[in-house]
């Protein structure tokens, strides 16, 4: 039975933050050791705007460096540069020649006429094509990285079945228009001992833990039977035990043709009591089921219609 | 037991269209919420002709925009343009220069002679190489996306075993010449309650639900035993209950080296009664089994030879 | 229990060739129907020399076509071509210009001086960069397609255990220096009824059907117990029943980071009786196990040392 | 039950080195047979510096070869080369022209003026773009190859539970800042018979053999119960039996979106007796768990605090 428990005989010295943030990241840090920073990971996971900024900065810095090398060689080695000349104009001419070489445009109105400029421009051309070879792989890696865009209801709720049985519920929907196949869910309960701050993890079995297809919204239900670790716990117990409901989802994405994963957690203050979810979908005039993502979070008191 | 049931205590307000169309898409829409449109998904899943059209439009628009920028800078900044000049000729000259820069051909008979045209052409060259880096990834993504081309018989049939037991059958064949390995099938029955319009899903177990290799055609058979949800239902019941037979297939594709998925469904009016399938393959003179995809749909009355 | 049986109530009209060839292909053809030929599959699976030939032919034909277009436009539109001129020299000049455009080299000593040649060369430059974008994906697809290079012993053998129990054995080795992890094997027996030519498939359970790591050779053993479909069959029965032993292998390849598959079969005339395999590996002076692929096929009579 | 045992009735003739090295490689060699060397594997698995060196050497050699071809054609066929001329200067001019063609920069101040140089430069341009297409795939393949960077404690320890039960322990941590999901571990014991040098493999069941998430460190524990093959063995027995503890790890990497694998082994002289591990993580002031990779190897005598 897999758990989050980090191993035998090890205890946390004090209370920790929530284990999993809403973006799926963990509240964990590494220190010391041969920690490997992986540039590929970093460059494929960063947001688009910083990534584009980085590309522009990298392109600019590299070409400015090469421009200064050409200046150092003397612009006599690059016939064809613009007149009238001066330091700034020389720099710009060298920069434009550098960019034309780096991108392999090579108009040729400016060209390397000496061995020095011939050698430097040859190196720059090689660096340029390899850089764009790298950029090609990075762009593909960014686009093709399979990610699930699962929308979780903002709160989990403690609701009640028709037969009176209490249950824990939360709801998910797919933000994308693709289809997830064989979606599987696993829910863990993390509690912290109020005195020793020991953390305990337990599975919360679901009424149904997998779906053949996930085109609509899905309400996940854990029945609070006498066997449930949540049995007879009240709202104040949830807070005292620092309850965190941890959810792990896995499904096959038809577009990426790969498994995608999502995770989230609800802490005790993100659980609403005695509520039920408003239906989040309806059937339109064409007989097509329409799911309304805005209604995903909507809950009603248990007795209200 | 995974199902399509979208969750606890939720009911459809009226009858819906078929759940799954013949192309494998779902009759579902999303509304509201932070719906993520994913350009990579869209560009890798669209058909080839619209995709090529989009590439041409993108290429044209971008180069026309750059052409107007060069015109705004004045063609004096681009020595070498064609004579005689005039507005249209100037535009074409600027456009050709733009394309030569964008594709990094850079003949150089026209070249950027001022800081303005030097800067704009540098930017265009960068945009150009990054665009083709992107196009490389998109083209690869389009080609390498594993897809199953499973051909389903146009109708499912209600047939009868030698021992008199009725059974539901349908037939599939591989349109490609590749081999699918460990092909697995899962069949769901969707029925709609005639009064409440509640939808119910049930599994239809198959006589055999997987194949080691799928080189030929495969006839899938659900025996209508007393345990089957189809037991003793007549054609009019199928219509009354809005029966839809939903099929999910999964196999490993040797060429793509990945799992591929296919799905389809048969509605009550796509089910033929008291028929059997014509054999769809034969052995040729070389001892090689030949499957005839045109015969895949052919059925005969049960008693006819 | 997955089988190769192509489905209910269908029988082959006569004897077929072996089901699986030694290269893992099937003796099956398709006919009729919307058979989809997939160029990506074809281009990534063909051998290297035909592939390179195809690239050269494609490159040549396309550039010759563009060369004729430039000739049709008249070489006046391409100033800078070589003198003296003549039909053949004109064609070569147009061809060289075409190639310089297609590969985006664009020296510029020849350049498009008219709207016609400007437009055609712009189109060619676009076609060129997109072609190389495509080639990039194809080359990557060819290289990164995970394939298992499993070497099978040329024959299977009927051997005998120390306790006298007869057994079917065959041997495999990895031709590559990579490691296969969690290698799994499945063996099927195909027999053909001598009179009706009906084909029957049965599993042959293995003494051990998986390996944690596959660095060396592996001898797969099916014990011919009274439960085995091979029990008490003699060599002449193997021939009469047209026995074919079909093997399917699956493992995780550490280099490709994907599952790889291999398959092969032994027909009745590829089975040796009363033999045992010669040991195919030894330990060298450094304490390293050395497997000798040449010995993989070597068998000895059962009683010989 | 999968094992490492290379098959029936085969015995090693003498003692071998450890089965698995600390870098996960095996002490196995191949000999003879159609051994396939796979350049893609080799180029994606080699270290970065040799790879870059190889790229530079390949680029240099190819361009030097083309430079000599241009020299053989005579530099008259390449108008625009630098003056004054001489053998070395001619070679450099030809080399720079070659590089400008290979990288498709093509300034054009030097250009092919004869059919010979036109043909050779056309071929070089094609070779150049295809080379960079290949380099693109190789660079992507190198970056995107999923690898687990699991840090193993330098030694395994024989420790003791609170209830007095002895147990074998070792510890792992993730060197990367990514998250491994559904991490699974499998531990094998390899022993060598002191006299016959026969190798035996046995599974060592773990107290817990999988983790839902692997953000921190994990201590793996095998309880030495009477059922354990290690039961009542002393340190001298470990040496006599040439004990090797082989570990295989598998998990899903969220960044690469693929399964990653790691393996390692502890030989008898890498096992410490009567020790326990120092706790390797703590909770900082922000409530975030911090794992210290430097402490991963730290052990204390069993009775010391």
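Letters are used for the chains, namely A, B, C and D, taken in the order the chains are written, and counting of residues starts over at 1 for each.
The rule is short, and it goes like this: a contact is a pair of C-beta atoms (placed from the backbone, for glycine too) under 8 Å apart; a residue touches a chain by one contact, two chains touch by 3 or more.
Keep in mind the model is a prediction, meaning the values are calculated, not measured.
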| item | value |
| --- | --- |
| Between the pairs A-D and A-C, the one where more C-beta pairs touch | A-D |
| Chain located farthest away, centre of chain D as origin (C-alpha) | B |
| Same or different contact residues where chain B meets its copy chain A, judged by the half mark | different |
| Chain centre separation in whole Å, for chain C relative to chain A (CA means) | 37 |
| Chain A-chain D separation of Cα centroids, rounded to whole Å | 26 |
| Numbers and ranges of chain C residues touching at least 2 other chains | 104-108, 136, 140, 258 |
| Complex contact set, residues of chain A against chain C | 104, 106-108, 136 |
| Complex contacts: residues of chain D adjacent to chain C | 1-17, 26-38, 40-41, 44-45, 100-101, 104-108, 110-115, 118-119, 121-122, 125-126, 128-130, 133-134, 136-138, 140-141, 145-146, 186, 188, 248, 256, 258-261, 263 |
| Of all residues in chain B, those that touch chain C in their complex | 55, 59, 82, 89, 92-93, 95-96, 99-100, 103-109, 132, 135-136, 139-140, 143-144, 149, 151, 162, 169, 171, 173-179, 181-182, 207-208, 210-213, 215-221, 252, 254-255, 257-258, 276, 279, 281-284, 286-296 |
